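One chain, chain A, appears in both complexes that follow, with chain B as partner in the first and chain C in the second.
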Partner chain A sequence: MLGYIFRRLFRGLITLIIAVSITFLILRLMPGDPTTIMLDPRMNEAARQRLLKEFGLTKPLFTQYLLYFKQLLKGDLGYSFIYKTPVSEVILSRLPWTLLLMGLTQIVTMFIGIPLGVFAGYRKGSAWDQLINAFTIFGISVFIPWLGITLLYFFGYRIPIFPIGGAYTPGLNGTELYLNVIKHLVLPVLTLTLIYLANYVLYMRASMVDVLSEDYIRTARAKGANENKVLWKHAVKNALIPTVTMAGLLIGRMVSGAVLTETIFSYPGVGRMIYEAVGQQDYPILQGAFLILALSVIIMNIITDLLYAFLDPRVKLD
Partner chain B sequence: MTAKINETSLWKEFFKAFFKHRLGVIGLVGVIAIIFVALFAPMIAEPVSGYGDVADILKPPSLKHPFGTDDMGLDIFSQVVWGTRTSLKVGFMTVIIAAMIGIPIGLFSGYFSGLISTLGMGLADIFLTLPVLPLMIIMAALMGPDIKNIALIIGLFSWPQLARITRASTLSVKNMEYVVATRSVGAKTSRILFRHILPNVSASILVNMTIVIATAILTEAGLSFLGLGDPLSYSWGKILENAHQSGAFLSAWWFSFFPSIAIMFFVISFNFLGMGIREGFNPKLRNR
Partner chain C sequence: MKKIAFLVVLGLLVSLFATSGLVFAQEEAKFGGTLNIGITTDPDSLNPFISNDRIGSWILNNIYPTLLVMNQDSVKVPYVAEEIITSENGKKVTVKLKEGLTWQDGTPFTSADVKFTGELLYEKKLQWQADVFNEVESVETPDATTVVYNLKRSYPGFMGTFGFWQRIVPKHIFEDIENVREFANKEPIGMGPFKLVDFKRGQYYTLARVDEWFDSPAGKPYLEKIIFRIYPDVNTMVLALKRGEIDLTAKDIPFTAAQELKSNPNFTVKQTPSLGFVYIGFNYKNEFLKDDAVRQAIATAIDRKKIIMFALRGDGKLINTGISPVYGDVVNPEAKLPQYNPEQAAEILSNSGYEDTDGNGILNAPSGKDVVLELIYDGNDIYLKKTAQILVTNFQDVGLKLELVPLEKSTYSDLLFNQKKFDINLGGWGIIDEASDSMYTLYHSTASLNFMSLNSEKLDTYMEDARFASNQKIMQENLDEFQLEFIEEMPVVTLYVQQYNFAYSNDFAGFEIYPSDLKGLVDPQSLSQVYKK
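Coming up: the complex of A and B.
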């Protein structure tokens, strides 16, 4: 088990190094002058030359690569062109909102998607199964901004029960503030849930169908075990294993959904910040956002994998 | 001669299974319709650009403007029709780039074990876990808004899926007798990989290619929506961006509705086509 944790942490580290390297390569190999990405184009020439030296942009490429790592290890992500403050400060002030949105979505999708998948797999071919399947196809085909816009149209505009944007109403305190934050979260979380639910349902359904045809299920039934027990204790527990793997992969993709959803709902997370930075060509912000999001995803993945180890006794024995 | 007969009957069987699968047929019809609209766009709708008639600003669907008009007074139907070309172009360019990278990596890492295999798949896994949209945004912002750049960027991030499926299929055929036989007569590795293994794993690759196209369309629309689309071409995502930016997306439902339906139609058609192809190649799957 200890070895497994260690290997998992090591893989996380490698992933992070590759993420950083890809970012470095993109920034340096793109057409055009790399300095335009690091330095505000409105800066005067003397200041520009001084900063070029300071950033080591006059040194050979490999030295720059090492310097880039050193800089990142110190938590230095550069300066935002627009906010004129360190990128790390800007992003860290936005990150909690995105993590809240994604974390809540992950929990809601899991609690709805897994039972639905179990049910669809167990009643394979029934009308319910087909209904759930049709809904799943909708989930993988719909364009996120449109789903957001549609929910906003109905529940924020036509029947204004939810706010149309933001994360909270300023000036509230205590319980009122908490309730207000939750109210602002409902539509964005619903948008992302409707999209990512499909993945859980599909995976859980497929692995239930597989597991239910296994010999040990037949044995359990043959020895007269209660059908509910067979289903939940023998089948679901094993069917969960591939689903947990998928959940890990889903986190990275959910970031894309978060960027689009936050944009629609003017939600003050990293995603909305990315959208604003695109409009203003604030490259340091874009770069920092990717690196921080990559780090968050890697950490969440490690947590998922530990959960996986907990579920699958074969890993523990290893 | 005998080989020829076998081949035709194989295809016959494929089409028989394919056409029995209702969703697959719906997908095929949908894809043909999309290609038709893209090819004949000039005959279906006149291209619009710049500013329309002031009297036409944000008008709901009517006979003259079946999908209504946008905040510039431009016909949305025309934009949706012409947007089909962009989506199709991006979809096909993306899948070609993804295939050129993903298939060789998948073949090599499936056929050889050891370092190459570990490295290839490790890289694919890393690409699959990382949040790639922010990375694509950086690249699109730096390379400039152009359809070719966007297709290239999406393609560069779509290969892992194809690599994984190619590898999985390669693993399952590489020890089959016909491959062992080819190897034993001393055929070159590249010949074994591309002439003998590839044709036998092409079914699952083809299925996944339709999924890559569908996903690419959603990504393109997403990038356009975030303001990274090609300003010189029509794009469904861009219509939604205009709707969102103008603030008219709540009062004028048609502004975002029709381009979104187009996106969904495109994605569903390609997904269904993939399901049909899978069914056609592997009738055993029918009971799952």
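Coming up: the complex of A and C.
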């Protein structure tokens, strides 16, 4: 077991190095450089060259790459071109909000999605099954900004029960602040839940359909176990295993949703930070953000694998 | 005689009413209240040297002073400077400062602060405006409220650039900072109508009023607090305004939102022109565009009024020379772009040997080639997109083919700035001030922003002579000549000056609108007199 974890960590490290290198290269392959975005008649060529030098972009690409790795080994994520502050400081101020938003979305999606999937799979082909399918397909196909703006228009403006933007209203304290934070979370979590629900529902449904045709289910029924027990103890427990894998992988995909959702809801998370940094070609911020993302996906994968082995005794890690 | 007496009495009555109205309006203004302002993102920095974006200006200009500000007519006027005196030969610029001002920690504001700010700016090359100090020979501070700049040669753009763009910093704080470039300045001590009291990156910036401010009618701002809140999406920001989460947009709002808010009795929409302009630029390296006749014909073929009417839905001003009408005094009224006249444009082309010899509907150049040109522009800009479509028809009407190449902004900038690979570009400049300086940085044959590869000896001479003219008169004479020659040369066709819309809640009053999205309604001159009704 320990040997396995060690091997997985080693492989994770290699993946991380590759991911970081690709990010580094892709950013520099983008047309132009951060100063061309700032094109301004007030900035002459000398000022532009000074900026490029300050950003470390006048050095050869390979030197920049080596310097970046050297800096990373020291635990230094660099210095934001735009905000002129350490990248780690910018990311740390944003990360808790994204973790809160994503964590809550995962929980809500799981608690709604899994039972819905179980139900649809159990009643395969019924009108309920078709309705659930249609609903989740709508969620997966909808354009996030449209959904966000529509929700904001109805529940933020027409029936003003939820706030329009931000993580909380400035100037509040204590319980009032906590309640306010929750109020601000409702619409973004709802948006993300509608979008990611399909992942759980469809996976769980397909998995249930498979499991329900297994011999051990027939055996359980033949033994005279009541239907609820068959469903929840024998079927759901086994059908959950592939869903767990999917949940781990979903983390990576959720980031793309976070970029758009956090922007529409003015939520101060990492997703919105990425959106802003792309527009301004802030390489260090983007490198830092993708490093954190790659790291979290790798860690989630390892956790998922371990969990998988725990849930399915047939899987041997070594 | 009776008539005169009647007019005098009428005049007195009118002025009496006007004054009583004024008294009434002033009585209405009271202290207190929080104004929430919508912004799109964080300021790039809270360091007054380093910040160089719009959001930074909106926040920091309310905390740190500049020697000059722009008035509502786009003229730079003294702010914390009392007056600026330029010697006859233009080589000595004396700045007299307002007396009795203090920094927010109580330290008096003196000429030493102003001198120090310039020195630090230049020594560390902290910002683009540092370069104007290349022309400074020495700086003297004969007394606590006088700074004298001795220039190497006369340089009319010097004070307009340094005085308007450089926020003055307190010497006693900044002289102790080791690395100014990396100084985050999280607890700024400035001198302005407001001070920063709290901020959370990505969320909000809270400013509180100071106890004394010379520019506020009541001696200090009416508003107790202003909070800048971030809404990255402008549609969400408009929704937040309608909902009452914010009371004002610092960012300009789209036309449709402005129309809707205009008809809503709870809001007021104010309009102000950009300090820049939108244009199409010709690449002289292109075989067709290097021909004077083609550039003149295109300028004559473009229906700029139609562009303003349809692409901007009326929210634009015509611009007739290379200099925006916003700077009315500098514009030469005799220099005028050709009127829209497709027949005349076609005639110019045909007189120069352009004819459709192969009958495919596109004119052939004397070399026999079809005149097909590509137009590059930022495809995400809705106004440019619509403008480009009108240009296609305008070109077509005179037998020229214009192919649209919408690009992502960084690709567009790269093609233009680094590769200079384009036929015609459609783009805009955000802020063009100090015409004597900026014309030089845009159109001089040695300027890096001269992507067109324009090389005109005549224009170069006018620009050089205007840039270093010993007095305003000589500068203006050269700018006048420059504008006339610019129309003859036609390196770019200036299309329009956009009008920006800003909206605020009628729960507040006292706003004044200043030019462009750099200032708008959040200029310190405006915010220092806004009050909650």
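The rule we apply is simple: the second predicted complex is superposed on the first by the 261 of 318 C-alpha atoms of A that agree within 3 Å, B and C clash if a C-alpha of one lies under 4 Å from a C-alpha of the other, contacts with A are read in each partner's own complex, and residues count from 1 in each chain.
Going forward, a contact is a pair of C-beta atoms (placed from the backbone, for glycine too) under 8 Å apart; a residue touches a chain by one contact, two chains touch by 3 or more.
In this text, all values refer to a predicted model and were calculated from it rather than measured experimentally.
Chemist: Considering only touches as defined above, state whether A:L286 meets chain B (first), chain C (second), both or neither.
Modeler: A:L286 contacts chain B only, not chain C.
Chemist: Using the superposition on chain A described above, determine whether A:T85 touches chain B (first), chain C (second), both, or neither.
Modeler: A:T85 sits against chain C, while chain B stays out of touch.
Chemist: Would you check which partner chain A:I264 touches, where first means chain B only, second means chain C only, and both and neither mean what they say?
Modeler: Both partners.
Chemist: Go through the superposed model and pick first if A:V209 touches only chain B, second if only chain C, both, or neither.
Modeler: Touch partner of A:V209: chain B, not chain C.
Chemist: For A:P313, select first, second, both or neither according to whether it touches chain B, chain C, the two together, or no partner.
Modeler: The answer is neither, since A:P313 touches no partner chain.
Chemist: Figure out whether A:G224 sits in contact with chain B (first) or chain C (second), or with both, or with neither.
Modeler: A:G224 sits against neither chain B nor chain C.
Chemist: Answer with first, second, both or neither: which of chain B and chain C does A:P60 touch in the superposed model?
Modeler: After superposing on A, A:P60 lies clear of both chain B and chain C.
Chemist: On the A-aligned overlay, A:G3 touches which partner chain: chain B = first, chain C = second, or both, or neither?
Modeler: neither
Chemist: In the superposed arrangement, does A:Y153 touch chain B (first), chain C (second), both or neither?
Modeler: both
Chemist: Starting from the residues of chain A touching chain B, keep only those that also touch chain C in the other complex, and list them.
Modeler: Touching chain B in the first complex and chain C in the second, residues 30-32, 37, 145, 149, 152-153, 156-157, 164, 263-264, 275, 279, 281 of chain A appear in both lists.
Chemist: In their shared complex, at which residues does chain A touch chain C?
Modeler: My answer: residues 30-33, 36-48, 50, 54, 79, 82-85, 90, 93-94, 97, 145, 149, 152-153, 156-157, 160, 163-168, 170-171, 263-266, 268-269, 272-273, 275-276, 279, 281.
Chemist: In the complex formed with chain B, which residues of chain A make contact?
Modeler: 14-15, 18-19, 22-23, 26-27, 30-32, 37, 137, 140-146, 149, 152-153, 156-157, 164, 206, 209, 248-249, 251-253, 255-256, 259-260, 263-264, 274-275, 278-279, 281, 283, 286-287, 289-290, 293-294, 297-298, 301
Chemist: For a test of understanding, state which residues of chain B touch chain A in their complex under the given definition.
Modeler: 122-123, 126, 128-135, 137-139, 141-143, 214, 218-219, 221-222, 225-228, 237, 240, 243-244, 249-251, 253, 256-257, 260, 263-264, 267-268, 271, 288
Chemist: Which bits of chain C are touching chain A when the two form their complex?
Modeler: Residues 41-42, 44-45, 47, 50, 52, 125, 127-131, 161, 165, 181-182, 184, 198, 200-204, 206, 227, 229-233, 235-237, 239-240, 242-243, 245, 408-411, 413-418, 429-432, 438, 441-442, 447-449.
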